[in-house]
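The following pair of complexes shares a single chain, subunit A, combined with subunit B in the former and subunit C in the latter.
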Partner chain A sequence: MVCSEIILAVKKLFPQFSVISCEENYADELIMKVTPQIFKEACLALHKILLSSVVMLFALDEREKTGKFVVNCVFLNLRQSKWITVSIDIPSETPYFDSLAQNMYSSSFFEREIWEMFGIEPKGNPDLRRLRLHDEVWPQGNFPLRKDFTKKVEGSLGEYKFSRVEGKGIFEIPVGPVHAGIIGPGHFRFSVAGEPIINLEQRLGFTHRGVEKLFEGRNCVEAIRFSECVSGDAAFAHSLAFALACEKICGVSVSGEAAYLRAIFLELERMYNHVNDIGGIATDVGFSFPAALSAIIKEGILQLNEKLCGSRYLKKINLVGGVSLNLDENKKNSTRIFLKNIKYDFSELTKILFSSVSFMDRVDSTGVLKKKTAKDIGVNGLAARASGIPVDLRKYFPGVYKEAGFKMAIEESGDVLARLRMRVSEFKESCRLIEEFLAKLKNGEKINFSPVLKEASALGYVEAWRGPVLYWLKTDSRGLIERCKIVDASFCNWQGLSYAVLGNIVPDFPVCNKSFDLSYSGNDL
Partner chain B sequence: MGHILKNRILKGVMTRHIDLDLPQEIELCGGELLQIIQGTFGRSLNIREVDTGSCEACESEIISANNPIYDLQRFGVSFVASPRHADALLVTGPVSKNMLVALKKTYQAMPEPKFVITCGDCAFDGGVFKDSYYVEGAVNKILPVVLHIPGCPPSPLMIIRVLLSFLKCRKYS
Partner chain C sequence: MKIPLAIIQLIFIILFSPFLSGLITKIKNTLRMRKGQGVFQPYLNLRKLFLKREVISETASWVFGVAPFVVMASVLTAALLIPMFIGQSPLGGAGDFFVLIFVLALGRFFLALAALDAGSSFTGMGSSREMFISSLAEPAVCLVIFSVSLQFGSTGIAASFGMHPVPVSLLVAGIALFMVIIAETSRIPVDNQETHLELTMVHEAMILEYSGKRLALIEWAAYIKQMLWFFVIAQLIFPIASFSCCNNFSGLISWGMWYLARIMIIVIAVAIVEVSLAKMRLFRVADFLGFGFVLAVISVICAILRI
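On to the complex of A and B.
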């Protein structure tokens, strides 16, 4: 869809629509600058036309240069594999923009984030409670992502207001932030009537480390190592999304051998995490034998990672402009042999799980996330596919996946079993894909190119094992990062979990939670 | 059930049959660890883990140290669900401001005698996050840390090794 087409399409729904400018700097991105007055209507029209939820909504502080803030709202046009951004300039005195949240729930959390980080008010959003800067430790009115923010914070502290369900026989169970297992911190408050959960209130942000601010001012070639520390179990996907954004800015296109290598490592990351989750689901229903088997398979993949690249979590592979290492014949062969063995172990694992009646009884129709709900709240990635929504960046932006004949897995029922089945099919597909990619490696092709730093902005995206990881990057003329906005699939999917547990009993919460297996660190940043 | 039995009989002890270079060292260090733990802690060392803002790779490696390949538990080290049951607190992450109170409370909830171990570069001095506006940095500024397990993330073997060497010198001091 080129500029003129999309403007025409929006005009049909919203005749007053006009753009200040429309740019297509890259084949897969389109940016429309509009006035703040028509921002809301324009976004709603795009939402209707593209059938896309808000995939990213974020602000930039450009006051030094233009005296304005900028807010960008990104949609995804799946049919034409394009990211469409609506951008507005906001004057710096009493900055605000019209909230989209009442019409598109998927924008709600992004708006709250903009409010707490920049102090730009989303007018009309009924819920402006802060997500990451907790009222108990961070006074109101200190906005860390503004450029003039100094570390000195002032003001008085407050308290977070949980939404409450009240009535006869309703009671509340608060859990966390420190949980019983070896797991990240988060606070969950269940309101229950008898056994079933009637409301789950999540309070996250406990692992907030100010990641986006830490990116600022760094050289983008060096900052790639830092992107590996944003979410450790998706270190490769994060660094890849970061690298892709940088490469777009630098005008380097990585293809051939380096692209195959990246795909291989991305799939290895998917495999160890999926099998880990399958084990987690088994643990959470008290089925320890398959859980142990999955742990063995996971450990095997981690050790393979170490053998291939020296890092169990696939760090230090991605570079801006390519990859740092190649796989020689020896490594290729040992990978092939390993995959063959692991496939056998994995099929044993699934056989054990799926033939156990008591296990199936626990996961079947537990924690259902309905398709409509998932769509409304903007759930993406694996959780969306398990609820029957066909979204997978590997399908719509295929690259090397096209040659490998990638098949997207999908389930309809949206329950724990569906998410489990998704993981099983994706694990098998990843195995197959890696074999395909290995066969394509020729050795000897150039695998990294030196980037030319310049001033620009771009979006990098990867379908990680949880779902899309997006990095929107803006650099200055020296290649230093001015703004880095990160969206991990977890950010949208935590909401999905809140809805999926409704009507389930509290003891089923762990298994529902594990079936989503969302990241605390990727969400809290 | 049939599958499980069949699997069990066909495979025997899983750890031996899986072809994943299990370093011999584990058995060696583990054996020593077991003796020390039996002597000093009366059979077992119970650890409570707290994540104060890690990237979760450190957690993943601590979990790996408990998997059937490394099986830290067979040497008497177990991870417990409550600080009330713990002898040691294992802290990961650079201490996000949001976790400061929870970290202190968890420590307070532990019975004496108790000690604190940090795991991963973040917990040591804030690591890659040390310049952040929202990070308290080194855990040892907040709690009395007696041992640090280095790495980003430390491998399961590293975790076992460091624990062992520490317990050894504690015994003799």
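On to the complex of A and C.
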């Protein structure tokens, strides 16, 4: 969909629509500049046309150059495989814009984020509680992502207000942020009537490290190691998304061997995480035999990772413009043999799980996330596909996946079992894909890359094992990062979990949680 | 005769009971292709806990402090009610099977109370669940006892001790009791001793606020209770005569072997059940224990029909 088409389409729904500028800065990106007055209507119209939830909504502080803030709202056009951005300039004297949250829930958390980080108020958003800067530590009036922010200004501290469910026999169970297992910190406030959960409120942000701020001012070619630390279990996907954004800015497109290698490692990351989650689901329902078997398979993959690239968690592979290593015949063969063995183990594992009545009873129809709810919240990735929403970036932006004949898995029921089945089919598909890519891998293709650093912005995206990882990057003329906005699939999917557990009993929460398996650090940034 | 017997029996139960738990864990780990901890780990855990300092909730009253001792006292009393080596129990005449149940229930009652006393939301949740489960388990145990008493013509525990043919009624009663004991000893599929998930726990949630010596007492009491029930099941399904009827040394050895072997059979059965099943959804426990109850009813009918 080119500019003129999309403007026409929006005008049909919203006659007053006009753009200040509209450009296709890359083959897969389109950016429309509009006035703040029509921002809300324009976004709602796009939402209706594209049937896309808000994928990203973030602000930039450009007061030094233009005296304005910029707010970008990104939609995904699946039919034409294009990211469509609506951009507005907000004068620094009047830092507010019209909230979209009342009409599109998916924008709600992004708006809260903009409010706490930039102090730009989304007018009309009923819930402006802070997500990451906890009131108990961060005084009001600190906006860390503004360029003129240097250090925390002390002031009066507040307290977070949980939404309360009141009534006869309603109890509150506070859980966390420190949990009994070795997992990330997050606070969960259950309101229960006996065992069934009436409401679940999550309070995250305990691992907020200011990642986006830390990216700023770094050389975009060197900052890639940094992106590996955003979410440890998706280190490769994050660095890949970052690299892709950088490469767009520098004007290189990676194809051939490096692209295959990237796909191989991306699928390896998917495999070890999926099998880990399958084991986790088994552990959480007390089914220890398959849990032990999954642990063996996962360890096998991690050891293979180490053999192939020297890092169990696939770090230090991606570079801007390519990959840092090569697979020789020896490594390729051992990977093939390994995959063959693991397929057998994995089919044993699934056989045990799916033929156990006691296990199936626990996962079937537990933690149902309805398709409508998932769409409204903007749930994406694996959790969305398990609820019957066919979104997979590997399908819509295929690249090398096209040659391998990628098949997207999908489930309809949206329960723990559906997410489990998704993981099983994706694991198998990943196995197949890796074999295909290995066969296509030719030695000797070298990439000559000299980065052309310039002032530009671009979106890098990858379908990681949880769902899409998005990096929106803007650099200045020296190639230093001005703004890096990261959206991990966890950010939207945590909301999905809140709705999936409603009506389930408290002891089933851990298994629901594990079936989503979301990242704390990827969400808290 | 009675006092040395009581001493021997108590020492045997107290010292041997943690071993059974260690053994179950070892078997489970072997089945799961894991090396796992040694069989003596429960002893080391107890030692560790006895050496540790205690942290006691600020809201706790005297109930919290006293409960572990009541629990320990109740299981030790129960231990003295059961004939273990010869055809009489050290506290013989002081109580029958029903007393055994209520003595153990006293311990559980105090534990549930102490859990509420601690004022944590998890422990309260634990006691509510524990009471839910035990309210389903106790009727089944009572029926089992009813069936056993019909068989032997007495509710006295000592009456069931000794060599006797195993009729269908006892066999069914033994199986029913086995199902209930899985709930009583908080094992899969009713509860999960290994879990770290506060939200899914039952027994573990109840004792979450305990630490140090008091926790050690509670754990030890749980080991002893488990062993007592295993022994009762073993006596119903694999009856054994008093050791005093072995007239020579080799007879005594083979008696001892069989004595332990039947406990091992139950231990292995428990371990296999734990590894091969997933934990049930909480409200499914009612179905599971309901099934145990129905088995107990069948065993009563068998006992009436004398089969």
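Quick note on the criterion: the second predicted complex is superposed on the first by the 521 of 525 C-alpha atoms of A that agree within 3 Å, B and C clash if a C-alpha of one lies under 4 Å from a C-alpha of the other, contacts with A are read in each partner's own complex, and residues count from 1 in each chain.
Here is the rule we use: a residue touches a chain if its C-beta (ideal position, glycine included) is under 8 Å from a C-beta of that chain, and two chains touch if they have at least 3 such contacts.
Computed from a predicted structure; not experimentally measured.
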Report for A:Lys213: first if it touches subunit B alone, second if subunit C alone, otherwise both or neither.
first
Touching partner for A:Ala180 - first (subunit B), second (subunit C), both, neither
both
For the overlaid complexes, name the partner, subunit B or subunit C, with more touching residues on subunit A.
B
Touching A:Tyr260 in the superposition: subunit B (first), subunit C (second), both, neither?
neither
So in the superposed three-chain picture, is A:Pro510 touching just subunit B, just subunit C, both, or none of them (first/second/both/neither)?
second
On the A-aligned overlay, A:Gly205 touches which partner chain: subunit B = first, subunit C = second, or both, or neither?
first
Please work out whether A:Ser358 is in contact with subunit B alone, subunit C alone, both, or neither, and reply first, second, both or neither.
second
Tell me the contact category for A:Phe289 with respect to subunit B and subunit C: first, second, both or neither.
both
Identify the overlap between the subunit B-contacting and the subunit C-contacting residues of subunit A.
180-181, 289, 292-293, 296, 356
In the complex, subunit B touches subunit A at residues 1-4, 7, 14-15, 18-21, 49-64, 66-70, 79, 81-83, 93-94, 96-102, 106, 127-129, 131-135, 152-153, 155
So, in the complex, the side of subunit A touching subunit B is made of residues 132-134, 136-138, 144, 149, 151, 153, 177-178, 180-185, 205-211, 213-214, 226, 229-233, 235, 276, 289, 292-293, 295-296, 298-300, 302-303, 312-313, 341, 345, 348, 351-352, 355-356, 519-521, 524
In their shared complex, at which residues does subunit A touch subunit C?
171-175, 179-181, 195, 282, 284-289, 292-293, 296, 356, 358-359, 361-362, 366, 505-510
Of all residues in subunit C, those that touch subunit A in their complex
28, 31-34, 121-122, 125, 188-189, 192, 194-200, 274-284
